[in-house]
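Every chain is named by a letter (A, B and C) in the order it is written, and numbering of its residues begins at 1.
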Amino acid sequence: MADPIIQMKNIEKHFGSVIALAGVSVDVFPGECHCLLGDNGAGKSTFIKTMSGVHKPTAGEIVFEGKPLDFGDPRDAIAAGIATVHQHLGMIPLMSVARNFFMGNEPVKKFGPFKAFDHEYANKVAMAEMKQMGINLRGPDQAVGTLSGGERQTVAIARAVHFGAKVLILDEPTSALGVRQTANVLATIDKVRKQGIAVVFITHNVRHAMAVGDRFTVLNRGQTLGTAARGEITPEALQDLMAGGQEMAQLEGSLGGTV
Amino acid sequence: MSDVQNTDERIKETSRLRQALIRPELGGMVGTVAVFVFFALFAFDSGMFNAQGVMNWSVVSAQFMIIAVGACLLMIAGEFDLSVGSMIGFAGMMVAIFGVTFGVPMWLTIIITFVVCVGFGALNGYIVVKTGLPSFIVTLATLFILRGFTIFFPQTIERKTIIGGIREAAEGDWLAPLFGAKIGKPVFQWLGDIGVIDTFQRGNRLGEPVVDGIPMLMVWAIGLVIFGHWLLTRSRFGNWIFAAGGDADAARNSGVPVNAVKIKMFMFTAFCATVFAVCQVMEFGSAGADRGLLKEFEAIIAVVIGGALLTGGYGSVIGAALGALIFGVVQQGLFFAGVESSLFRVFLGVILLAAVILNTYIRRIITGER
Amino acid sequence: MKSTMSKLFATAAIVAAPFAATTALADGHGDDLTYILVSHAPDSDSWWNTVKNGIALAGEQMGVNVEYRNPPTGDLADMARIIEQAAASQPDGIITTLADFDVLSGPVADAVDQGIDVIIMNSGTPEQAREVGALMYVGQPEYDAGYAAGLRAKDDGVGSFVCVNHAISNVTVAERCVGFADGLGIELGDSMIDSGQDPAEVKNRVIAYLNANPETDAILTIGPTSADPTILAVEEMGIAGDIYFGTFDLGDNIVQAIKDGTIQWGIDQQPFLQSYLPVVVLANYDRYGVLPGNNINSGPGFVTADALEKVEEFAGEFR
């Protein structure tokens, strides 16, 4: 395998007296889907916010493409190629797919001194990119509000990929979706990975992780419980790690192993 | 994946006509047609559709359009400006005090007025984006502050609240005609001569047509509507306006300079109010402390009739212009039709309600809300 | 879509209903003379009700169509548009005020030049009326009325006063205070206060002023809008009857206060005549070509506690 595109080394993050991250280390390679699992409050969100430049780590080092990184704000991270698709998206329902797709990065066409939004180009690209992801729009002017949750995730992912993301962080993209839509999003993740982009897939659903993940890192109470490659670990073992072992085993026993 | 798999059989095919119909302007278009049909039936021979009558409601509509364009873009960017009416009074009073009382050359007076008023607009915007307070409250404060100054300054300086003599002070100025002149006079004179337009029957304007040109007010209105429409739909900045009003956080995440967009829109709204005020004082020759009262609501009503969403992120400048046209035609048309003038508000309320209900319905189709 | 359209038509029908009724009523006289009165008063100004009743009665008696129009917020620029609109509808005559000569003289002169007869009422001066080409002026010369009141107050021993002005932007109304000050022989100075139109605000500002300036001899209010709350203010301060209190114009509460002795006198400009007479004059001019040779002064008439009976009966309606 090539060198990791991003290395998080011993990251610590304190909020006042609360230690959210107590020394977390994760490597992510290009073209892999690295699943980050953990229960609520495990520190997943803090970790990816640190990775995407929202938070500065209290201690530890981030190495991106072999060089130490020090992001001032999320825009630096975006410019460097680290894109985040948030749980709450960042799509504007009232705006068309094409307008959303190019929000903040609008293509312009010059008319003498005037610079106009190049609708023709925007529409063409948005339609093509969406088709590539397997979504057929009625038209580029279709409002995002009319799309399903899975389709919106796909628009957001396609947008990040189109604008040159090298590392794509997906923050619980499947948590609010139905079975069919989840499958669509997982298929999208697979396509993105095959383009050589490093995907960091945050979830607390082991089955979703097992479906597309290459490697799995489990976070618990601000610490890594280790990273395992595909085939090295069973879903049950992952589940146990997430919940903190023993207690969960007992709980599961009482529930007949269905969780 | 094949196409078939991704086509949701539950989504009905929508016809092209329906597609063409569902747009923010639809409410305004339907309303405009309805209003004209209505007055054509009830007030056709009342003089409403002769040259003078057309000019009358056109000028009133043009006034509404000027402030509606600013209010529309600002509302789409997610904010309100309640200080528009006070700004109109304040700007007019500034022209009077600098131009008449202090004798500053009119072109300089106009420039100073624009700078100060647009500055107030920027201040509105700056306070809103920095404090995160609702613009409703911030501009409500500005409404009172500006109205207070508009009464205080002339009273302190001149001991009166109406200052006249602006027309005389603007005589021969190079910039003033941009706001106060009329264009196309020879055409109208010719139309008067061949009898298309009535002419004055007595007085020192004997033989001149009763409508002698298109006031710059209307040129400004049309110019601002075209500019606003282009900016919103055809420019990169327009996408930012939609984004800022649709979801400011999402827009920020995507790198849209939301704060700058909002501040600029507050400045543009102030600019529109100042254009309104300067055109008004140039036409009427005096500035009064009560000018522009309640105009902010009239602007907002026109914008809402035109299909914009009060919560931002959705709307159309053309729609707002049609809303202003409806407003102006109804306001003046009721007089032509001889309706008791106190019923104007009833009509306005009914139209507003009908427009909002229609627009909500259209928007649901567009966004798939249920 | 279909249901929306039918809803829209239903709405249009509802809108049309009162409208059609009004039109029928206006045309019911079978007479083709139409006169339009354009006032400068906002909807909230109750005093103009007398003017409305005046033209309505004159219209009925003379058998002509009359219409009353006003700018809803009292914005004089809007009023100018209404005059232009009135002219465009080609009535036989327009009755209007000159609340701001700069703003209104153009539209009024244009109407005159189109061959429409114009009579100026209420606000403005006889000179201004002549300048715009109006047939005549019907009203009360405000400065003269104020001056006469000032002389009267001076004889009653008044040396200082406060003018409660609820229409601070109306130049002609302010003339009343200026005239009063000149009649007293003192400077107006800071004794004119901008009271606003809201009754509670007017009342509190008057109380505040009188507390701050306890040596004030007299109060002058310029209409019911400022007088009514001021009556309450002096009653609350316990100086009702002690402080010299004069007012312009009449209304229910003012009449009662004159009766109670709170107000010494009210100056009645008889607004009824200001709207009634122009209609009569215009109708006779259009029908028979007869026209009085001069302006008509509808006021000032001092109303005191004596002879209140008729005033009391019709206050707020025709007085």
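Criterion: contacts are C-beta pairs under 8 Å (C-beta built on N, C-alpha and C of every residue); 3 or more make two chains touch, one makes a residue touch a chain.
Here the structure is a predicted model, which is why all the values come from computation and not from measurement.
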item	value
Between the pairs B-C and A-B, the one where more C-beta pairs touch	B-C
Chain whose mean Cα position lies farthest from chain C	A
Chain A and chain C: spacing of chain centres that average the CA atoms, whole Å	72
Gap in Å, rounded to a whole number, between the CA centres of chain C and chain B	31
Centre-to-centre distance between chain B and chain A (centres being mean Cα positions), rounded to whole Å	45
Complex contacts: residues of chain C adjacent to chain B	1, 4, 7-8, 11-12, 14-16, 18-20, 22-23, 26, 43, 65, 67-70, 72-77, 80-82, 84-90, 100-103, 106, 109-110, 112-115, 133, 168-169, 171, 174, 188, 194
Chain B-touching residues of chain A, taken from the complex the two chains share	74-75, 78, 84, 86, 88-95, 99, 102-106, 108, 115-117, 119, 134-136, 138, 143, 145-148, 187
Residue ranges of chain B touching chain A (in the complex, touch as defined)	1, 3, 5-8, 14, 233-236, 238-240, 242-243, 246-247, 249-251, 253-256, 309, 313-314, 363, 366-369
Residues of chain B that touch chain C when the two form their complex	18, 21, 30, 34, 38, 42, 46-48, 50, 52-53, 55-57, 59-60, 151, 155, 159-162, 164-167, 198, 200-206, 210, 280, 284-286, 288-294, 332, 335-347, 350-351, 354, 357-358, 361
